[in-house]
Amino acid sequence: MNNIMKNHANTLGAGLLQRVRISPWHLASYAILLALTVVYLGPLLIMVNTSFMTTREFMRDATSIPDELQFENFSEAWHKANFSQYMMNSLIYAGSATVIYVITAVFLSFPIARRYVRGWNTLFTLFVIALFLPPALIPQFQLILNLGLYNTRIGYILLLVTNPIGIIILVNSMKSIPRELDEAAAIDGCSYFRFVLTIIFPLARPAIATVVVLHAIGIWNELILATIYLTNQDYYPITRGMIVFQGVYGFNWPVLAAGIMIMALPMVILFLFLQRYIISGLTGGAVKG
Amino acid sequence: MRYPFGQQRQRWTPYLLLLPGMFFYVMVALGPSIATSFYSFTDARGISGAPVNWVGLDNYDEFLFQGQAAKDNLDHLKRTLYFCVAVSTVQFSLGLLVALLLTQGLPGTRFFRTLFFMPVILGVVIQGLIWTLFLYPLGGPVSEVLERLGMYSELLGGQDAFWWVIVVQIWSNMGITMMIFIAGLQSIPTEVTEAAQIDGANRWQNFAHVTWPMLTPSVNTNLLLNIIGSLQAWQLFLVLIGYRNGTQVLGYVIYAVGFGQTSGSVTTVFRQGYAAAASMVMFALVLVIGLSTQYILRRREERLLG
Amino acid sequence: MRRMHAFTLVFVLILSLVMGIQVQAQDNVTLRVLIHQHPPMVEYMENFSDAFTEKYPNIKIDLSVVNANDLSTVTQTRLTAEDVDIIDVFGFSNSVQPYMKGATPPNWQVMIESDLLLDLTGQSFLDYYDPVAIRDSGTYMDKVYEINLGRVIYSGIYYNKDMFAEFGVEVPTTWDELVAACDVFKGEGIGCMTQGGGDGWPIFVGAYGLLGSLFPDQAAYVEGLWTGDIKFNDEQSLVMWERMKVYAQDFMERGASGIPGDAAPGRFAAGAVAMYPAGSWRAAQIDAAEPDFEWGYFPWPGSDNVEDNQHWFGKYDMGWSIAASTPHPEEALLFLEEFSLPENYQAFIDAVEFIPTQPTAVLDSHLGEEIAPYLPNFLVGYEQYWVTPTGAGQWAFPYASFFEPFNEWGDPQELANRAQADLQTGLDNVSSD
């Protein structure tokens, strides 16, 4: 009897083994994950907790649980930090820059992936080396200045319509779209432009979604360029608004924490909805290096 | 490659359509980066109307050789390397470990994955502010715990500040490393690992001889991103501790010199030509380290995967 | 006949041109004004701008507010972009003196030499101001480029009057008395001093009074450091370093390194500590935190001699300059004129509590009372004179914040030697050019 059971256990796949027994590996895994969860969840929870305190409670004991939830912190932060305007600005910047970028990027990546342009390798390398380039803050500044685009929305957006990593992801993913589609479409009389627009865009959707999310998040959280180029408070994106807010409220942590939560919310929601795209995109593109 | 959409005039369409993207990239990123090298040979202040003169290698000479300031700059360089090594090794290892843990199909995997990736999407400002609160010296969680243990640390205000920035940097970016490794692990066919298991390999041997070599593409991507990213990262320093003697890294030095550092009401002079020279020094550093890393990784990849 | 036509034509043309200019002059003008974040001042400016537009309906004011730390950067970039008309500048300071070889001129000097600032010499509103103030803070090469609106003190120490009374402590007038006072408070379990170490600079600025009491002629101090007559590791400097160490380690409360600059006034007002070495501009924040709080302000007693401890050290704070590129110089000058009218200026002083630069204005507040006894002994401090020689190391400054726990130094002698070495390489570097 025992032999039969042992054989049974051995011949079944490893997956079943995992389900039937609680191995010490699993315990160890959970222990490690739990420790990490404390490190990751802790600071986040503290922020949430603080946003519901009153200033007095915070000064008395910064780690106590508030007696009642101070939702006023949020409305105060919303108004004092002028969030509605800054959020609108961030949306404008992220939205327009991402749209412009993605469209130009697809038309840039596809011919490189398919080698339809001479010098495709050089072009691709130009993007690969982007990681290594020296910081360009100072000449960029002179450029924007001489174009008369300083302290304008257009000038700022202009600085945000490139992203070499996205190109790399797109190129890698487009390589796996079958070449026969191109030829089939051409035989049907489809032009290159229409082909890319109506066939490639939908097919590359996972990679495009990844690139969209990464690019938009990058712009939403961008701080330095906004500091240098947008001096008119009406143009501030949410990052600038937050730093200025911190300058004034730096010691009033409850309200500041509430403001931070408001600022983080859109990104968290976006991420939770688009998780699978990011993961599948990273599977397809970045892994190939 | 054969282009199926027509010859002669139509052959130019792909070129034309890629022009906007290329134009933006060159004008906004590539061009200015190259222009930095020209600026580094001038004494540009960054104040319009101020005369800009060609000074040749003077900026480089000053940055690298003149007086104690140059020794301080070498310290900044060393510190940048230090930061890079500390962050990269821990971030890489932790990311790999977590990815391995989360590809076992354990219940709750998705929760953990989301949690660990969360800081990445929150951005530098929020990452910095979350930890400023967490490390609040007057009764914040970490200082409370330390007090219970009978210890005391100035946290972000004192000499440990540099270490804390390393911690926050790792915390903030481990998620990306983890995701890339998860993707890499998921692309390894299970039959391979199972076959090895049936052949009697234990967990460690399975990992070392089967999984690890097949992970090479993600290993390479992560190593490269980690190393170069941590060489160039400085914004967390800005948010967490500001510009403080003994903590500066090259990226921050460039920003401070080019756009001024204010303490109280005195702002240091803007010196953008000099900052450009410092940028080129950093570029050289990144290039050397990046290219050699690339080279080593490529060779290894060829050896392992053929 | 044709000549008549020609004349008429020309006449009509000229007439319409003249009328066009007239119409232009009455067109709506927007003045772009850039100021830094300081709640009482910003509030005053908003009210003032509204009142100004009421009086001159064709001139609108577009007020931009930036963090004080960003002010310099934003000013540079907006001037460069010709995107601002009136700017808020600190009093001109740190100019290159004859004994400073190879020093880089300060930003404002480059701005003037690049013709970015409008020459205000001879404007009528200058007469409202104290000529000494105009000369010291707004003049370059005998031309006026800024009207400075007031001085601030950064060398005083606020103290909690009730706490002092409760423990029978008198206002210290010498170093030993200060040490003794701190011992009393610490014995009672109360912190002696607090400051906003989280922002970095408040710690060493809080010790400028100590520096000044040991080297009262700060201009001479700076010159001495440059010429070598004064060294960071000579006898008097060593006294300074030793006392700075006591300040950083014994006086400052634990955890000060993490306190944000704007949180410190509140801590002091709440009674967490007995003293608060900070600038005169903090008075408004203390009052805002606790309106009924009884505080006083006394000069830093860093010396053993009572007479040395009777100065106020500070700087010329905010002032107005006009961008040379402004398309509306008339209106900009009108703005400054209106601002400088004594009744308006007095209201400004009441709001921000600067030490006035107009002789007719009076600082009529609790702060004014506290600083009055030593006001004739106001001196501009080291920070406004110092220019760093190129190549000097990063420790070449008399900063109390170099000591643990704020940074890495523990031994005053070692720091003194290192500071001098760092300074010396800079001096050697520039003298060899």
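In this document, chain identifiers A, B and C correspond to the written order of the chains, with residue numbering beginning at 1 in each.
The working rule: contacts are C-beta pairs under 8 Å (C-beta built on N, C-alpha and C of every residue); 3 or more make two chains touch, one makes a residue touch a chain.
Just so it is clear, the model here is predicted, and its values are computed rather than measured.
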item	value
Nearest-to-centre chain - CA centroid comparison	B
Chain at maximum distance from subunit C, centres defined as averaged CA atoms	A
Comparison of B-C and A-C by number of C-beta pairs in contact, larger one	B-C
Centre distance in Å when subunit A and subunit B are each reduced to the mean of their C-alpha atoms	16
Whole-Å gap between the CA centroids of subunit B and subunit C	38
Gap in Å, rounded to a whole number, between the CA centres of subunit C and subunit A	42
Two or more partner chains touched - positions in subunit C	69-70, 73, 80-81, 259
Subunit B residues counted as touching two or more neighbouring chains	46, 48, 136, 138, 259
Residues of subunit A touching at least two other chains	59, 141, 145, 228, 243
Subunit A partner contacts - residues on subunit B that touch it in the complex	1, 3-6, 10, 13-15, 17-18, 20-22, 24-25, 27-33, 35-39, 44, 46, 48, 97-98, 101-102, 104-106, 108, 112, 114-119, 121-126, 129-131, 133-134, 136, 138-141, 144, 171, 179-180, 182-184, 186-187, 194, 197, 203, 217-218, 220-221, 224-225, 228, 232, 235, 251, 254-255, 258-259, 272, 275-276, 279-280, 282-283, 286-287, 290-291
Sites on subunit C touched by subunit A in the complex	34, 37, 39, 64-67, 69-70, 73-74, 77-78, 80-81, 83, 259-263, 266, 270
Subunit C-touching residues of subunit A, taken from the complex the two chains share	59, 141, 145, 150-151, 227-229, 231-233, 243-244, 247-248, 250-251
For the subunit C and subunit B complex, residues of the former touching the latter	68-73, 76, 79-81, 90, 93-94, 104-107, 110-111, 113-116, 154, 197-202, 205, 254-259, 315, 317, 383-384, 390-396, 402, 404-408, 421-422, 425-426, 428-429
In the complex with subunit B, residue positions of subunit A that touch it	13-15, 18, 25-26, 29-30, 32-33, 36-37, 39-44, 46-47, 50, 59, 61-63, 100, 104-105, 107-108, 110-112, 114-117, 123, 126-127, 130-143, 145, 158-159, 161-162, 164, 167, 182-183, 185-187, 190-193, 195-196, 217, 220-221, 223-224, 228, 239, 242-243, 246, 253, 256-257, 260, 263-264, 267-268, 270-272, 275, 278-279, 282-283, 286-289
